[in-house]
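My questions will all concern the structure given below.
Letters A, B and C name the chains as they come in the text, with residue numbers starting at 1 for each one.
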Amino acid sequence: MTSVVEVRGLRYRYPDGTEALRGVDFDLQAGESVALLGANGSGKSTFALHLNGLLEGEGMVRVCGMEVTRATLPAVRRKVGLVFQDSDTQLFMPTVLEDVAFGLLNLGMTSEKANQRAQVSLEQVGMSAAPGRAPHHLSAGEKKRVALAGILALEPEILVLDEPTTFLDPPGQRALAELLRNLPQAKILITHDMPFARATCSRAVFFREGCVASDGTVNDIAGRFGWDFSDR
Amino acid sequence: MHIPDGFLSTPVWAALDALAAPAAGFAARRAQRGFDESKAPLLGVMGAFVFAAQMINFPVGVGTSGHLVGGALLAVTLGPAAASVVMTAILAIQALLFQDGGVLALGANVLNMAVVGVLAGYLPYHLWGRGRTRKAAIFAGGALSVLASAVLALAELLLSGVRMPASVLGVSLGLFLISAVIEGAITMAVVAALENIQPGFVRQPATGHSVLLSAVGITAVLLAAGGVVFASTAPDGIEHLAIQAGLAKPLSNYGGGAGVAGVGLVFLLLIVGGRIMRKRSA
Amino acid sequence: MRHTVVEDWSRGSSTLHRRAAGAKLLTLAVFLVLLASSHRRLVVLTAALFALLVWAILAARLPVRGVLSRAAVVLPFSGVFAVVSWLSGDHNRSFELILKSYLSALAVLVLVGTTPLPELLRTLEIARVPQFLLTVMQFLYRYLFVVLDEASHMRAAAASRGGMTFGAAAGVLAVLFARSYSRAEGIHRAMTARGFDGRFRALVPRPYSAADGQFAAACILLLLLLRAATEVLH
C-alpha cells in the first residue's frame, strides 16, 4: 500500500500569532477514506490547506512522494483536489461547463479537449444535462456535484472535501455519500456530520487544539468522543 | 444620473464615446498592473457589492432616504484606477441588463460617473486625507463625486439642446446638492464602520502633493458648476461670449457656457487624474 | 426574483437565440445609431421600428407584455424631461425623448433577452473592449445575485428589528463590504488550487455560420431601408 500523503511535525501560526497547528503527523494510503473530525478551530481546515500548498507551515508535507514546495506546487495541485465548503466561492465561472473546464485550460489543454474532458467529468457526477447553466440557478447539491466534477476533471489522486454536507438536506447528503463511495481516489473528508462520516469512511482522525488527538476507526472515535466531541 | 439613449445629440454622444474608450482602457491597464488578471474577481465582486449596497436605504429624515452611489468609497478603498474599472463595469451591466442608462450614452455615463466622478471622489482624499482633515476629506470626496458627475451630465444635456428653464435648472442643482451631501455623509459613515472592522480596508492616501495640482483640480470643478449656473441665469450672455471666442456656433439651442465648462472640466480632470495616477505608481 | 427574469429569457432556444451574439450586437448598434440620428417623420419611423421589435420578441418566444413593460423603466426619467420640454415649447423634443428612449431600451432588451450575458461579453472582446474590464464584468455578473441576496437578508433582519438607523445602515454596508472582500479572497484560493497562473483562458466560442451573416445583413438592410424611406418620403 503506497502512502499518498505523509505529514510530519506540521506547525502553523496565523499572521496574528495564534498557533493553529502544533506538530501534526498524518498518513494516508492510496484509496483510503478518512474523516477529519473535531471542534471548530481545532485545525482541520487549516491542516487541509497545507496539503495543496495554499498554506505553508513548518514541518514536512509529502504528496504522492513529492515534497510540497514552491517548485512542486503545480504538480501537487494536480494530485490533490480540494473542494471548499462554500460552493459559491468554488464555482466562480459564469457557466457549469466553463467552471469544470477551468483547471483543464490552465494546464494548457486545447479548447476542444477541455470541453470533452469537462463533459466526461460532469457525466461522472450526474450533472451532464445542462452544461450551459449558471451556477446561481443550481441547488446546493447540484453545486457540490459540479464542484466535484471540476476537481475530478484534473484526475487527482487525493480528494479533500471541507464540510461537504453543509447546506445539503439528508437526501442530498446520501446522494453525495453514494457518489463518493464509488470514487477510487483517496479521500479526506472534513466533517461535523457523524452519520456522513460513517457512511463514507472507515477511518477517522480526531483533531483537538491543533494536534491529532486520536486516530482509529470511525466507530472507535465516535465511541470515544460521541456526537458532541466530549471525551467519554 | 444615468442618461438614457435619445437624450444626447449625435455629436455629443459620439464624441463622449470616443473620449470614454481610451479613458476606460487607461484605467483598465492601470488597475490590472501588467499581465496579471488576478485582481479581476476582486473588482467584480466589489462591483456586485456596490449594486447590493444601493439597495440599502439610509434614512435622512422627513420620511425620505438616500442610498450609496459608491464612486468615492471605491476610490479610497481600491484606488482610483480600480474604482474606475469597477464603476465602468457597473454602468455597463446597468445599461444592458437593467435599462438604466443608454448604450450609445454609455460613453457619457462612464465619463461622468466612472472617470470624473471617481477622480472627483478621490481628489480631496489625495490632498487632505491625512490627519485632522481626513473625515472632512472623505465627506468632500463623496459630495464632489456626485456633484461633479451630475453637473457634467446636465452640461451634456444642455449641450445637446435639451431645454431647461432657469427654474428647472435651479431645482435640479438643489437636488444635486442634497444628493451630494447625502453621498458625503454615507461615504464618511461607511468608511468609519469599515475601519472598525479592519483598518487596512481604507488605503492611505499617496504622499506628496503640489499646490498647483490642488488648484487646478478644484478650479476645474468650480468652473463646471459655475458654467451651468451662468447658463441658467444668463444664457445669451454666455453664448455671446462663447461665439466671440469661437467656441460655439450661433445656434440658439446650445447651452454654450455649460458646454464649455463641461468639456473643460473633463479635460482638466483627465489631466489631473493622469498626474495623480502617475505619482501613485512612482 | 425579478432580476433573474432577463437571464431566464436569454436561455431560450428560438432561432433568434441561436444566432451569434456578434451578429445581434451589430444589428443593435445599427438600430440605435439610426434611431438616435433620426429627426424627421420620427413617429412613422418609430412605429415601424416598434413593429420590428415586437416581431422579434414574438420570434424569440419572449413574453410580449413582460418585455414591453420592462423597457418602460426609462419612461419616468424621460417623462419628466419630456414634460419640461413641452412646457418650454419644444414639442418635437418632447416626442423624441419619450420615443427614442423607450425604443432604445426595448431594442437592448431584445438583445439581452436572446443572448446570455457571458456570450455577449466574449463577443465584446472582438470589439477591442479591454479583456480585463470584460473579466471584471463577468465576475460582477456571476456574484451579483449572490451579494444581492446577502443584502436583502440583512435588510430583512433589520426590518424585523424595527428598521435601520443611518448608523446601522452604514454598519450593514461595512459588513457587506468585508464579506465581499473575504469572498474574493476565497475565490482567489479556489482559482489557485486549480492552477490559475494570472491569465483567464476562455473556451472558444461557437464559430460564425452563414446563417449569422445572412441574419445580420438582412436586418441591417431592412433598417437602412426604413430609415431611407422616412427621409425620402418627408
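One rule holds in what follows: a residue touches a chain if its C-beta (ideal position, glycine included) is under 8 Å from a C-beta of that chain, and two chains touch if they have at least 3 such contacts.
Predicted, not measured: the structure shown is a model, and the values here were computed from it.
**Q** Using CA atom means as chain centres, which chain is nearest the centre of all the protein shown?
**A** That would be chain C.
**Q** Determine, using the mean of C-alpha atoms as each chain's centre, which chain is farthest from subunit B.
**A** A
**Q** Determine the centre-to-centre distance between subunit B and subunit C, using the mean Cα coordinates as centres, and give it in whole Å.
**A** 22
**Q** Just curious, how far off is subunit C from subunit A if you go by their C-alpha centres, in Å?
**A** One centre to the other, that is 39 Å.
**Q** Using mean CA coordinates as chain centres, what's the gap between subunit A and subunit B in Å?
**A** Comparing mean C-alpha positions, subunit B is 46 Å from subunit A.
**Q** Two-or-more-chain contact residues of subunit B, please, as numbers and ranges.
**A** 41
**Q** What positions in subunit C touch 2 or more of the other chains?
**A** Counting only residues that touch two or more other chains, subunit C contributes 117, 138-139, 141-143, 146, 183, 187, 191, 196.
**Q** Pull out every residue in subunit A that's touching 2 or more other chains.
**A** Correct list: 92.
**Q** Which stretch or stretches of subunit A touch subunit C in the complex?
**A** 49, 52, 54, 74, 77-78, 82, 84, 86, 88-90, 92-95, 97-98, 101-103, 105-107, 111-112, 114-115, 132, 134-137, 150-151, 154
**Q** Tell me, which parts of subunit B touch subunit C in their complex?
**A** Those in contact with subunit C are residues 4-7, 10, 13, 24-25, 28-29, 31-32, 35-38, 40-49, 51-53, 55-60, 68, 77, 85-86, 88-90, 92-93, 95-100, 102-104, 157, 161-165, 168, 185-186, 189-190, 192-194, 196-198, 201.
**Q** Can you tell me which positions in subunit C touch subunit A when the two form their complex?
**A** Touch residues, subunit C against subunit A: 4, 7, 11, 116-118, 138-139, 141-143, 145-146, 183, 186-187, 189-197, 201-204.
**Q** Touching residues of subunit C toward subunit B in the complex: what are they?
**A** Interface residues on subunit C, with respect to subunit B: 3, 6, 28, 32-33, 35-37, 70-71, 73-74, 77-78, 81, 84-85, 87-90, 93, 96-97, 99-101, 103-105, 108-109, 111-112, 117, 120, 130-133, 135-144, 146-148, 150-152, 154-155, 163-167, 169-178, 180-181, 183-184, 187-188, 191, 196, 198-200.
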